[in-house]
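The following blocks contain the structures, represented as structure tokens.
Both of the next two complexes hold subunit A, though its partner changes from subunit B to subunit C.
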Partner chain A sequence: MASVGIKSYAYCLNHAPETGSYYGGTPHEARTSGKEQEYVDALPKHLQTYDQALHYAPNQTYIGGISYEEFESLATPWTDNPLPDEKAQRYGKFGELMPEDEFLGLISACDEFELVWLEPSFAQAVSEKLAKDPFITEAIVKRVVRPKNMHDIAEIKAEVEERDGLYLYHDGKPVGCVRSGHPTDPCLTSHVLLENLAGKASGVLALLHLLKNSGLDAKDLDFVIECSEEGAGDVGQRAGGNFAKAIAEVAGCVNASGCDVRGFCAGPVNAMINAAAQVASGARKNIAVVAGGSIPKLYMNSRDHVKKGLRALEDCVGSFAVLMLPDDGTMPVMRLDVLGKHTVGAGGAPQAVTSALTFEPLQAAGLTFADVDRFAPELQNHEITEPAGAGNVPLANIKMIAALAVMKKAVEKADMMKFIKEHGTVGFAHTQGHIPAGVPFIGPGCELINEGKIKRFMVIGKGSLFLARLTNLADGASFLIEAPTGKPASSSAVTKDDVKALILEALSEVAGKLN
Partner chain B sequence: MGKLAGKKLLLLGERDGVPGPAMEACLKDSGAEIIFSATECFV
Partner chain C sequence: MDLQNQQRVKDAADKYGTDCVVILGSSDAEGAEIYAETVTAGDPTYAGPLAGVSLGLPVYHVFDPIIRAECDPAAWEEQISMMEMVLEPDALAEAVKGMREQYSKNVIE
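Moving on to the complex of A and B:
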């Protein structure tokens, strides 16, 4: 059995309500169409403060401020049950929830082409705040106050009004801008560049936390695989990449290289499989799988939140990072012999998709549904999705898994609800597309394994490929993480299947000679 | 055949629920005309 060790993980959020209320996909569309002024005017009254975001239980679960088990036991709705102050801290076990002004500073620090301008006093103030963040390097702090990235507000205004720049806001006032990267190239507009630079900056933050959490020196990182949903390129290759190497550069990983893996929300699971295969085979010494978050997804469902008088919760750019090392027997392991694959021929029926991602890989490994302590499918927070009519996505997924388990006689029909409660997971991730796609549970799941509370969990990601209009198909992928084996894995180990194949080959040769 | 025979159908599917092509397959023999089918993603 080929396997790889999960050494460490990081999960961060960047609070971005003002950026989101201008450039989130739904608010931006409403502003530019001019047809939804009532919604545009009402949205600011529904934004949550940074303090409210800190006290919101799903956010603290994501950054590891509270354990997943505690989260499951909390009273709902979480909006009406804020966490006590001692559990509402900026830093959690896995990462942090960074305020928006510092995020703008970090975006500026990640700019290599003088595309992000900040007003000098704002830049100075946020650099001083970022200097207090123990995960932000001195080099990054210095980059926030580079003279070429600081311009007074009159120059910023001219850049926005005369050369298609975009304002950056803080406390209701413009404090900077993102400039257009080219006068005619639609792939280098200020809007596209803001999305890409925010994705890069949030990815950098997750990687910095990963390095500290794991104790790995930045210089010892071998490779980065990035798996967000952004596309960086120009008109000649509109998603040419490469976020991975750009993120590694800012994080000081001078001996690393990297590449990007894409697949909509199935990107992270496919990136994990890709990375695991490379580490298990010895092709790479170690790999960090990293993804920054998405500006366009901010306030995606806020029309309904505003209409229903609710807090607009989609105010954080999410990010994550996972470090894989060769399996030395001491770390939770990702198995490479139990991989779910939604094939082209599987079709789109929910039962077929669920079977391809759960039953088939488990059956091939001699496992059954009950052997998996937790299934972690798409982990969107249902307090965001239910008011918008999109339902409780993780619950819908585990119900489908439970129904399939009953059909396959792995679970008694009478025990179906018990199975859902005991083997499902409650969503706590922002609707950031690829971010909720199963991977937020890698951290909490590995913690539960390390505490001896579970033995095995399955991570499932699904991608809406049809949105790109290339195919009507969706995609999905899954993998298992298990408790440490206690002994190092060997990529050259001979498996039972190898022995069977050798015997069959020998018998076939003998049969040939008999003829 | 049943109460859908002769009707025109607009099918809006959802990735984590029932996708458009799956509904199309189920309704193929219903006698209804499927004039539009799509799958959307709301997350």
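Moving on to the complex of A and C:
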């Protein structure tokens, strides 16, 4: 059985309400169309403060401030049941929830082309704040106050008004801008560059946390596979890449290289499978799978939140990172012999997709639905999606899995609700597209394995490929993570003795039949 | 209903009139009702090509017994039976029926 060890994981959030209320896809469209002034005017009244975001249980679950088990037991709605102060800290076991001003500083630090200008006093203030973040390197702090990235507000204003820049805001005032990267190239507009730099910066934050969480020296990281939603390129190659290497550079991983994997929301799961295969084969010593978050997804459903008088919760750019090492028998393992694959010919019916991603790989491995302690499909927070009419996505997914289990006679129909409760997962991820796609559970799931509470969980990602207008197909992939085997993967390969035992067994069977 | 699908339905209705049957697969009753309204009375959100256009098409949810009876049982078992267990088929069919009875100019007999 080919397998890799899951050494460590990191999950971070960057609070970005002001950036989101200007450049999130929905608010931006409303602002530019000029047709939805009522919504645009109302949105600021629905934003939550950083303190509210810190006290919001799904956010703390994402960064590991509270355990997944505790999260499951909390009273809902989470908006009305804020966590107590001692559980609402900036830093969790997996990562942090960074305030927006520091995020703007980090974005500036990740800029190599003088594209981000910050007003000098703002840049100075946020660099001092970032210096107190134990995960941010000294080099990054210094980059925030590079003279070439600091310009007074008059120059910033001119850049926005005369050369298509975009303002960056803090406390309702412009504190900087992202400049246009080219006078005519549509792939290098200030808007595209803001999205890409924010994706890069949030990816850097997740990678920095991963390095600390794992104890791996930045210089020892071999390879990065990045799997966010953004496309970085120019008019000659619209999504040429490479976020992975750009992120590794800022994080000081001088001996690493990297590449990007995309697939809409199925990107992270495919990236995990790619990385695992490379580590298991020995092609790479170790790999960090990393994804930064998405500015366009901020406040995606806020029209409905505003309409229904709710808090607009989609205010965080999400990121994650997972470190894979060769399986030495001590770490939770990702199996490469049980991979769900949604084939071209499988069809798009939910039944076909669910079967391809759960039943078929489990059956091939001699496992059944009940052998999987937890299924982690799309983990969107339902307090975000339900008011927008998208329902409770993780619950809908586990219901489908349970119904399929009943059809396959793995679960009694009378036990369907019990199966849903015991084997499902409650969503706690921001609607960042790729981020909710199963991978937020890798951290909590591995913790549960390490605590001996579960033996196995399945991560499922599905992607809406049809959005790109290339095909009507969707995509999906899945994999299993299991408890450590206690022995290195190499020792589980077939040995001479195994072959001898098999031959003897076969011969005795033949002998039995002859008798 | 997204704008492209509204256009597709409009194009089909232009060609086939009210002989064009719309079958919905929406998983929630509220959505199914809005889609049914869109292809009968017109787009209630006034955002798409069917805003102010009352096509009056016969519209059914795939879980409506009339549609179910038309389907190949083997294909139904393979493609739809799982979702039948997960969703509330009767409520979905009823939600669409309400709109059909009010606004459709034709029905399957």
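What we mean here is this: the second predicted complex is superposed on the first by the 491 of 515 C-alpha atoms of A that agree within 3 Å, B and C clash if a C-alpha of one lies under 4 Å from a C-alpha of the other, contacts with A are read in each partner's own complex, and residues count from 1 in each chain.
Criterion: contacts are C-beta pairs under 8 Å (C-beta built on N, C-alpha and C of every residue); 3 or more make two chains touch, one makes a residue touch a chain.
A quick note: this is a predicted structure, and the numbers were derived from the prediction, not measured.
Student: Looking at subunit A, does subunit B or subunit C touch a larger number of its residues?
Tutor: B
Student: Just to be sure I read the superposition right, which of the two partners does A:T431 touch: subunit B = first, subunit C = second, or both, or neither?
Tutor: first
Student: Which partner does A:A396 reach: the first (subunit B), the second (subunit C), both, or neither?
Tutor: both
Student: After superposition on the shared chain, which partner residues are touched by A:T354: those of subunit B (first), subunit C (second), both, or neither?
Tutor: second
Student: Once the shared chain is lined up, is A:Q380 touching subunit B (first), subunit C (second), both, or neither of them?
Tutor: Once the two structures are laid over each other on A, A:Q380 reaches subunit B alone.
Student: Examine A:A131 and indicate which partner it touches, taking first as subunit B and second as subunit C; both and neither are also allowed.
Tutor: neither
Student: Taking the superposition on A as described, I'd like to know which of subunit B and subunit C A:I153 touches: first, second, both or neither.
Tutor: After superposing on A, A:I153 lies clear of both subunit B and subunit C.
Student: Just to be sure I read the superposition right, which of the two partners does A:A474 touch: subunit B = first, subunit C = second, or both, or neither?
Tutor: first
Student: Looking at the overlay, does A:S464 come into contact with subunit B only (first), subunit C only (second), both, or neither?
Tutor: Touch status of A:S464: first partner only.
Student: Looking at the overlay, what does A:N301 touch: subunit B (first), subunit C (second), both, or neither?
Tutor: Touch status of A:N301: first partner only.
Student: For subunit A, give the residues common to its interface with subunit B and its interface with subunit C.
Tutor: Overlap of subunit B and subunit C footprints on subunit A: residues 347, 349-350, 389, 391, 396.
Student: For a test of understanding, state which residues of subunit A touch subunit B in their complex under the given definition.
Tutor: Per the stated touch rule, the residues are 265, 301, 347-350, 378, 380, 385, 388-391, 393, 396-397, 431, 433, 436, 462, 464, 466-467, 472, 474.
Student: Any idea which subunit C residues touch subunit A in the complex?
Tutor: Within the complex, subunit C touches subunit A at residues 27-28, 30-31, 78-83, 85-86.
Student: Mind pulling up the subunit A residues that touch subunit C in the complex?
Tutor: So the residues of subunit A touching subunit C come out as 347, 349-352, 354, 389, 391, 396, 399-400, 402-404, 406-407, 416.
Student: Within their complex, state which residues of subunit B touch subunit A.
Tutor: Touch list, subunit B to subunit A: 13-22, 25, 38-39, 41-43.
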